[in-house]
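Listed next: structures, encoded as structure tokens.
Below are two complexes that have chain A in common, paired first with chain B and then with chain C.
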Partner chain A sequence: MEIVGTEKKKKMGKIHASRMKFYVLMFLPLIIQFLIFYVYLNFSSIVLAFQKYTKNINGLGHTVDFVWFKNFATAFDFLFSARAGEMLGNSLILYAVNLIIVTSLALFFSYYIAKKYMLSGLFRVILYLPTIVSGTVMAILYQYIVTDVYIGIASTFTDEVVLGLLDSSKTSEFLTILIFNVWVGFGANVMIYTGTMSGINESLVESAQLEGVNSLQELWYIYIPLIYPTLITFIVTGMTGIFTNQMSLFTFYGQTGSNFEVDVFGYYFYRLTQDASVNLYPQAKPMYSYPELSALGLIITLIVAPITLITRKLMEKYGPSVD
Partner chain B sequence: MSKIKRKNRKINFFTICICVILALYSVSIISVLIWALITSLKASVDFGILGNVLGFPDLKYSADEVRLANYFRIFSKFTIVTGNATYFSDLFGRIVIPGQRVDFFGLIFNTIIYAVVCSFVHSFATMVAGYLCAKFKYKFSGFVYNLLLIVMIIPIIGTGPATLVLLRNLGLYSTYAGMIILNLNCTGMYFFVYYAFMKGLSDTYIEAAEIDGASQLTIFFKIIVPLSSKILFTVVLIAFIGSWNDYQTPLLYYPDKPTLAYGIYYMSNNTSDATYETSQLTQRVAGCMILALPMVLLFTLCQDIILGNLSMGGLKE
Partner chain C sequence: MKIKKGLALILAICSMATFASCGFDEDSSSNGGVKNVYNVESKTKTKLQVIHFDGGVGHIWLDQAAERFAKQYKDKVYAKGKTGIWVDFTNTMTIDTATMSQQDYDVYICERFTTPNALAQGGSVLPLDDIVKDETREGGSLESKLFEQVKGGMKGNDGKYYGLPHYESYGGFSYLTQTFDECLAYFAAEDETNIEEFPSAYGTANFVSTLEAKRSNGPDGKPDTEDDGMPCSIEELIILMDYFKQTTPYAPIALSGSCDNYINYTISGLWASLAGAEQMRNYYNCEGEIEIVDGYYDEPLFKGIDYIKKPKTKKVQLNGSNGYLGNDMVAKYYALALFEIIQKEGFYCDDAYISTRSHYDGQFNIYLGGTGIYKKAAILVEASYWHNEAKKAKCFDQYELLKQASADNLDFCFMPLPTNYYTEGATGKDSCFLDISQTFTVINGNLKNNDEEREAAKDFVRFLYSESELKAFTVETGIGRAIDYDLSAEEEAKLPTFYRRIWNSRDNNAGSNLIMLSGTTSAFRQVWSSINIHLSSDTLSPYAKNSSPFSHFRKQDWDDKSGMYVYGTKTVFDELKITKDEWAKIYREE
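And now, the complex of A and B:
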């Protein structure tokens, strides 16, 4: 009996050892990747923000200087410029529109689909279609419709020269872009909301209906509290989006188009980072170098991160609960 | 049961309104796609000079081209020249040669590699991390879970330049190795999807297999992977479609491996060059269709899997 006991202990010990070995070996590459491409990367991005790279005179290599807050000063100059204010304004309008129009419509749509009303299967597929066809293709097709097709049709009514909606006035450009972003913006929201809403307890809905609630009350008092944690995630991610969302502008205008009349931070960051002529070395204004861009990113992160964290906490604290 | 369900579904003014809005929305999406399909079959003369922007192809003018000529032109003539990859790396002295010509099939090849690497490597990494955190009750697992939660919540903006510098210094800029390593990250939403799923798996299979003497690798590949195949498939499919359509990441980190999505973007942004082989709008729309149709087909075949409920579980600690 005792021998069996020690045998068993030995076996368990062996299992524990092999579990430990597996755990370490499988985690190791992931941890190393994380240490390099998250921890070190963010660290080096911070360091970069304090540096200045100068090309050596002989053309080989460069000298790195520590310039304290010089890059931050440049970044602040930019942040307080009229241009950055306009970029922020555009993003805030998009965020507000997303919050008010897209989110509420997405909630209505998800409710409709989760309750399996008429044609809900078809609607669900179509709402997700822009994601499948890709934002890029939708943007390109949309561009042709508001430019070439619009000009083609408008020219038959007037003899004047007609400009496409993405190239005429600043207001019409912005409005056209805003409408596009609303138009293709439902897919992910509706998919996740519907998924959560479908898991609802039928008897809860039934008992509410016995009390005579209507659809809107049902949505407000039962479904929204249920998906509230997911809703928080979308609203909070959207706040980060104020500085990262490109509004498909790179697809519409690319690296050079339209003199950047309509601009947002996401587009601005991507454009400059992708631009082959922008690099580590100081640039002729209005272009920036990588260190200056990193400083700008760091400042924005320091502004956005606390705001999103506080919003999340507040929403969790004062939100509805499922009772 | 069905009686209850029907009773739960009252048709009233509110639901009719939503139905109408959804119907109008659907019409707008579908009509744009149908317009694109029709336009891709037109002759450029038909669309441009004759101003037939909305109608069906006019056979009188489009006779030669209506038979998929726009598509064949892209297959045979469309090439792009990579131009962004010049860089002299300080640590490894590696020079990426700019100005390579990539034809249509090169683009398809790059796209498949990119989409497969992104979807499989990233899904696998998040799955392994989810499994290790959910089923190995070491203190480190809890630490990793909280860490990944924090990473997901805290937004970090503007690390693009630092990533480029790091990739270049490691000699990984615009390489397949770089692509794989960048995607081996276990941060992000899918970790929580797997974690929630693995938490719900019963331990009995694993314990039984362990007592029978199966190795941990066998348990992972013979038990865990098959048990989570449905969710794995969903994540891989969504990631595959996402990366198939993504042109911005390849453009930034792997510029000398341009993908089809980049090709289509490039095509639509290089319209001023009249000598360009595929500069007509009808050809560019055909390009869009070439990019979109495989994914629409894949989506149609797998829509139940893709739209199946991906749940993050309770994300509260």
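And now, the complex of A and C:
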């Protein structure tokens, strides 16, 4: 009996070892990737924030100095500048529009589709279409609609020179881009909410209907509480995107910037990080060198991380309950 | 079956439409349509990988040169078991030089986004001294042939050469001679009687009333030269624009709506042309005399332009530590002012405000104006490479298709830019050209221990910079390089008139009227990236990187107190200044 037990243990041990090997092999690439692209990258970025690279004048290479918080001072100056304020404002408007208008409408549309009301299948396709088509294609298409097509139509009503909606004023440009973001982002919201709503137990809904709830009450008391975790994810990821979302501006304008300088952090940072071989060294204009940008990145993380975590906690604590 | 055939037909028509449309790239078989015989892939040959900035100049010459190179070196053994060489090209507008050491490319032909100096400092490229100082080179060593004004930019801070100059482009205005002839848009000589007086809000000028009438001396101040009849001053240029606006069906200025930052090209060109070659070299070197803005008078800049103040000026001696004053140059102020005037006086063609109009569309305005969606315009804001780019993109085929006429008859001209601010007291100055392309060739530093590819790369670079290839490049593209070489009359005759005129205005043997991103001083070596002048340089990008003054000049916010627009010339000029504190960040005394 004992021999059988030992052999069994050995066999189990072998199975265990080979499983371990499998797990290790499965996780190794992920761990390596995590170490390189997260740990190392962030570590070197944090170190960079405290450094200054100076080109050697009479020889190749450069000298690296530890400059304590000098780069942070430059970064703070930028963060408190009017330009940064304007960019933050634009991002917040986009976030608010997404939160209030897009999310509300998406919830209603998703509910409509999940309940399989009339033409719900058609609506699903129409709403999701912009998400299937490449963002660049959509942007080009949209650009022509709000420019050439608009000019063509508007010119028939007036003898004045008509400019496109992206080209006539800063307000018009911003609103036009905002509408594009709503249009493109709407489909993804609907798709995910619909998917989550479809998973809701039918018997729960039926029992509520037996108790006499109307459609609005059904949405408010059953559907929204049950999809609340998804809602939180959207709200929280949207918040983290305030400093990274580029508002599709690159798709519209490439590296040159918008016609009326509509800007957001994501787009601005992208443009700043060009010219890699040059930007390692200090530039005359502030916020162009990599160490300064690294410092700015750290500051932004320190601002956004606690806000995001607190928001999440609060939403989880005070959000609607299915009870 | 019928549906399939129908779909196939639709696809075929769509494909044809694509080919006919503008923007179609060079012949995909490259080599100008000639099939390669020697430069073909083979495992028994050494493979050389070359990445090339595929901008407006294209790669036909490069493909042809590679074929000639492969033929010449067909028997050379770079590694055991391999005989001969073949060159594999990657033509792209996005060259990543930040990670060169991890890339397989051996030779890089890059544009302005970095420089040999920056790459050398980072240890990314190999020194080229053996190529540049090779006395056995036919026609003399490259070092003896390189223009003095380009050498500094090709070196690392250790004094060695790390790059070689590729092509040049200059920012400015271009026009179609036929349009100017049709409108008689040439200033008349003072003693000419066949004139048409044009009283403008900006001053009165006499234009010729016949094409035979004697024209004014133009920007160079000399009679019987190529620039006769052209505006000698900014003041005259404004009158010329008004002349087009008031008396002809042409809008004065064409600008691509999607590339409105191209005004930076022309601002660069005007800055150099007004300041002159010497001041511009002093600017890059941060050493020597320049003229700067030193306050403002309470009087308008020009007659009829009361929203821009005339600057007080003074001459200063740059000495490195005050190099930041270079951005206060008077010529830059006037160049910026011209573009505010173009904006506020309504000199742009309406199409300039349509952001879907590409650079090709902007070009169409001056030779396809009045056809289809394109409005007529007289003068194009572009860099000198545009003609080659349009040819490469087969845009002139569009002209032939729509106009049923040969595009060979289109006589384009790169406008000699004004060299004076005001007409009264104007003195002639030779034209000068500021290079805004800043292209160069380097060899990847990761070949240091790779004998096979390093030697192949060096041979290729040597070959590209041989006398015959330098000439072949210019004959194919029409564009010059900062190296002393001549074209025979026969070769020159092959250039389009647009480029032939530039070639003849340019000092092809010493480059005395060329301004390249280069300098010999310690200050230049330290600060060049902050004082660089090109399309998206900080010196021309107010408020944000890669921007241009265009959007600011569009704003109509008026300041009663100063009597100027809030975002006018002065504001933009001040915003572009480098302060003493900012200078201290990038410059240190040795």
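The rule is simple: the second predicted complex is superposed on the first by the 307 of 323 C-alpha atoms of A that agree within 3 Å, B and C clash if a C-alpha of one lies under 4 Å from a C-alpha of the other, contacts with A are read in each partner's own complex, and residues count from 1 in each chain.
In the analysis below, a contact is a pair of C-beta atoms (placed from the backbone, for glycine too) under 8 Å apart; a residue touches a chain by one contact, two chains touch by 3 or more.
None of these values were measured; they are calculated from a predicted model.
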Partner chain(s) touched by A:Y281 [first = chain B, second = chain C, both, neither]: second
Partner chain(s) touched by A:N201 [first = chain B, second = chain C, both, neither]: neither
First (chain B), second (chain C), both or neither touched by A:N58: second
Contacts of A:S104 with chain B and chain C, given as first, second, both or neither: neither
Partner chain(s) touched by A:F27 [first = chain B, second = chain C, both, neither]: first
First, second, both or neither for A:Q217, with chain B first and chain C second: neither
Partner chain(s) touched by A:S81 [first = chain B, second = chain C, both, neither]: neither
Greater residue coverage of chain A in the superposed arrangement, chain B or chain C: B
Chain B versus chain C as contact partner of A:Y268, first or second or both or neither: second
Which of chain B and chain C A:L166 touches, first, second, both or neither: second
Common interface positions of chain A, toward chain B and toward chain C: 61-62, 143-144, 148, 257, 274, 276, 280
Chain B partner contacts - residues on chain A that touch it in the complex: 11, 15, 18-19, 21-23, 26-27, 29-30, 33-34, 36-38, 40-42, 44-45, 48, 61-62, 105, 108-109, 111-112, 115-119, 122-138, 140-145, 148-149, 152-153, 155-156, 183, 186, 191-192, 195-196, 198-199, 202, 205-206, 209, 214-216, 229-230, 233, 236, 240, 243-244, 250-251, 254, 257, 265, 269-270, 273-274, 276, 280, 290-291, 293-294, 296-298, 300-301, 304-305, 308-309, 312, 316
Interface residues, chain C side, partner chain A - complex: 96-98, 113-115, 118-124, 156-158, 257, 259-261, 324, 350, 353-356, 373, 522, 525-527, 529-531, 536, 538, 543-548, 551, 554, 578, 582-583, 585-586, 588, 590
Residue ranges of chain A in contact with chain C within the complex: 54-62, 83, 143-144, 147-148, 151, 161, 163-164, 166-167, 255-261, 263, 268, 271-272, 274-278, 280-286, 288
Residues of chain B that touch chain A when the two form their complex: 4-5, 7-12, 14-15, 18-19, 21-23, 25-26, 28-30, 32-33, 35-36, 39, 47, 51, 53-54, 83-84, 86, 90, 125, 128-129, 132, 136, 138, 140, 144, 151, 153-166, 181-182, 184-187, 210-211, 215-217, 220, 241, 244-245, 247-248, 251-252, 261, 264-265, 268-269, 281, 284-285, 288, 291-292, 295-296, 299, 303, 306-307, 309-312, 314-316
